[in-house]
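Structure provided below as structure tokens; questions to follow.
Order of writing sets the chain letters: A, B and C. Residues in each chain are counted from 1.
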Amino acid sequence: MFNYSFRWNQAFQSLPDMLQGALVTLEVAVLSMILGILFAILLTSFRLSGNRVLRGITTTWVEVARNTPALFQIYMAFFGLAGLGIAITGWTQPHLGFAVDLRLSPYVALLAGITFNNAGYLHENFRGALKAIPDTQTRSARSLGMSAPQAFGYVVMPQMLRISFLPMTNQFVWAILMTSLGAVISMNSDLFGVTDNLVKINFRTFEMFAIAAVIFYVMTKIVTLSARLIAARLFRY
Amino acid sequence: MKSKVLAFGLTAATAFAGPAMADKLDDIIASGTLRCAVVLDFPPMGSKDADNNPIGFDVDYCNDLAAALGVTAEVVETTFPERIPALMSGRVDVAVASTSDTLERAKTVGVSIPYYAFENAVVARPGLEMASWEDMKGKVVGATAGTYEAIWLEGQVKAWGAGEFRPFQNQADVFLALSQGQLDATVGTMEVANANVASGNFGDIKVVDKAPMVPDYVALITLREEYGLINYMNLFINQQVRTGRYAELYKKWVGEGVPANLTITGVYR
Amino acid sequence: MFETAMTAKDFWMLVQGAGMTLLVTAISVAIGTVVGVICGIFRFQAGPWWAIPVTFVLDVCRSVPLLIQLSLAFAFVTAVLKLRISGFSVACGVLSLYTAAYCSEIVRGALESVPPNTRRAGRSLGMTWLQDMRYIALPLASRVALPSWIGLSLGVMKDSALIYVVNVSELMKSTKDLITRLQEPLFLLLLCGVFYFVISFPVARFGSYLEKRWSND
């Protein structure tokens, strides 16, 4: 009893690999944020477009993203989409003569899953931010001769992005944490994937995950602190 | 660099220590239950029937071991990667889970003599023609993380310098990915590969070739320091072969044919 | 495409999984909220410096992936301390702390939103600190906090999909077990998604209804 032998040495030997993995984690998180913001803006414009079909797309995306687990979304992006491709092919192949391939690599599936999630939550952040921007601004922009997209792009959107800057950093932290779910779909180059694979060979579960936890903590701290610095610089007026 | 949590140990020893010499073997007999870790997405060694009850060669071996000890068996489902953590954390007493007796694992757990030996097969996804195992070069291959075949396969991919290796969390996901074409090929034990091909659940996957690996001897495992139990398990495995139970269960779960020889000429164990 | 080998018994297994998800969520949210409220009030009252230890621990819970928290806690409790604790208890413990971490943030934010003058007025009427908290600060703060708290509870419900790593057969694990046997990934995954959606969506809608109603007064 109580005679667990810690083997920190063995764990620390893997540190270079884990730091390499941390870079991949950051890469996925950054890409998913950029794509997430773009999709969220697209969804926002869909919602404001007045077209029922486009609004329906926004509602479906946002509600599914916010009401199902991220793990489910990522699993779906990898196994579900591929299965969907096969199911569709089962119909198109005999009738139309072509196959549908929806197989994503683990990296792309993870990125797609997190982006889907990000876009859903960011859309809600943007919606809250838009409420804070008075309608009169759009109207005055329009009366200056701007078209509706121009008024949105030049007047409303910059303010929207600024107001939702802090919620966005929160989402960024979540994106970093969500990369850990990639291991479920055989992603093995990110921080969690690298750690998890080593653990399954050397069984130093506690030591390895403790180190990974510290790296994750440092990463998220760097992100939140630099976001605060950037915010202080950019929005000082 | 080993540091032991002695402070806890001392206080705990005074609080919980039973009879000084009681080891795991005594504990199991005293408690009346043998808790076995078994992997249940690994037919015919371990799987679940329609009522979610565990069945398979490993399940029967666990029951036999429990019967020999005069206790009742409790099958605890684990995935391949979870087997050893489950053992280390005391959730199970032994793992009857087709565990390859690698030297790396023996650093952490105690390993019995082999109770079964697998040949490993290369299995290709539906629609992919492969002539031999070497056609895996440059392909996307995968296996269950941390297993004997996964470590071999990852090493091959590195040696080839081409292709991609993907580790999955459990055996089921590997075959799911294979049947959906997210993997071009996997390496798995011949018995399991044949069972999965025969089940028809995975589309048109097919066994291509034997993998050129040293036969995969699998052993019962328990905690490293439990010599009494390891000794008992060794004798148990010997008796299973001697009494013909080994051949009987082979026939029941794997099929006709001669079960693998568990001895190696030219060396003791 | 949707002819399935699934039996009523298999469906019942999914329902049981969903029940486990709800049970773990309920326990974790209950414990986490109590701890979170206490920590939130403490952090608000003690000021940033004195609250550093509490803030740090809770901050770690929000900065480390839940998957690692669960694996780490399980390895520590069972392999290092060698305690015989079920995965269920570990899952509840970790998720409670996780809930507490976010909850204390919500509570602190909500208390900060109560105008100090209102509270000073209360105190100058001779109310004790406890009375002021009980009758003025917390009722006002709860209006701000409740919608976020509902969101948090739903978040915990969804994040509980990860407790499969400590061998708890909740909804996601039941689904994967069924996929292993039936080999109908698409259908079963969609069904699993529907389960989560059906649990989460009405509550989320109620939350945004409250938010809308209470922010306009």
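Heads up, the rule we're going with is that contacts are C-beta pairs under 8 Å (C-beta built on N, C-alpha and C of every residue); 3 or more make two chains touch, one makes a residue touch a chain.
Since the model is a prediction, treat every value here as computed from it, not as a measurement.
Where the centre means the average of the CA atoms, what chain is farthest from chain C?
Computed centres place B farthest from chain C.
Between B-C and A-C, flag the pair that has more C-beta pairs in contact.
Looking at contacts between chains, A-C has the larger number.
Report the inter-chain centroid distance for chain B and chain C in whole angstrom, where each centroid is the mean of the CA atoms.
Centres of chain B and chain C (C-alpha means) sit 37 Å apart.
So, what's the distance in Å between the C-alpha centres of chain C and chain A?
21
Indicate the residues of chain B shared as contacts by at least two other chains.
5, 8, 85, 88, 176, 180
Tell me, which residues of chain A touch at least two other chains?
Within chain A, the residues that touch at least two other chains are 1-2, 4, 79, 83, 183, 205.
Where in chain C do residues touch at least two different other chains?
Counting only residues that touch two or more other chains, chain C contributes 75, 79-82, 185.
Applying the document's contact rule, which stretches of chain A touch chain B when the two form their complex?
Interface residues on chain A, with respect to chain B: 1-9, 78-79, 82-83, 86, 103, 106, 183-184, 186, 188, 196-197, 199-203, 205.
Show me the residue ranges of chain B that touch chain A in the complex, using the header's touch definition.
It is residues 1-6, 8-9, 12-13, 16, 81, 84-85, 88, 104-105, 108, 142, 145-146, 151, 165-169, 173, 176-177, 180-182 of chain B that touch chain A.
Residues of chain A touching chain C in their complex?
Touch list, chain A to chain C: 1-2, 4, 63-64, 66-72, 75-76, 79-80, 83-84, 87, 90-91, 173, 177-181, 183, 192, 205-206, 209-210, 212-213, 216-217, 220-221.
Inside the complex, what are the residues of chain C that reach chain B?
Chain C residues touching chain B: 7, 9, 13, 74-75, 78-82, 84, 167, 176-177, 179-181, 183, 185.
What residues of chain C sit close enough to touch chain A in their complex?
1, 60, 62-69, 71-72, 75-76, 79-82, 154, 158-162, 172, 185-186, 189-190, 192-193, 196-197, 200-201, 204
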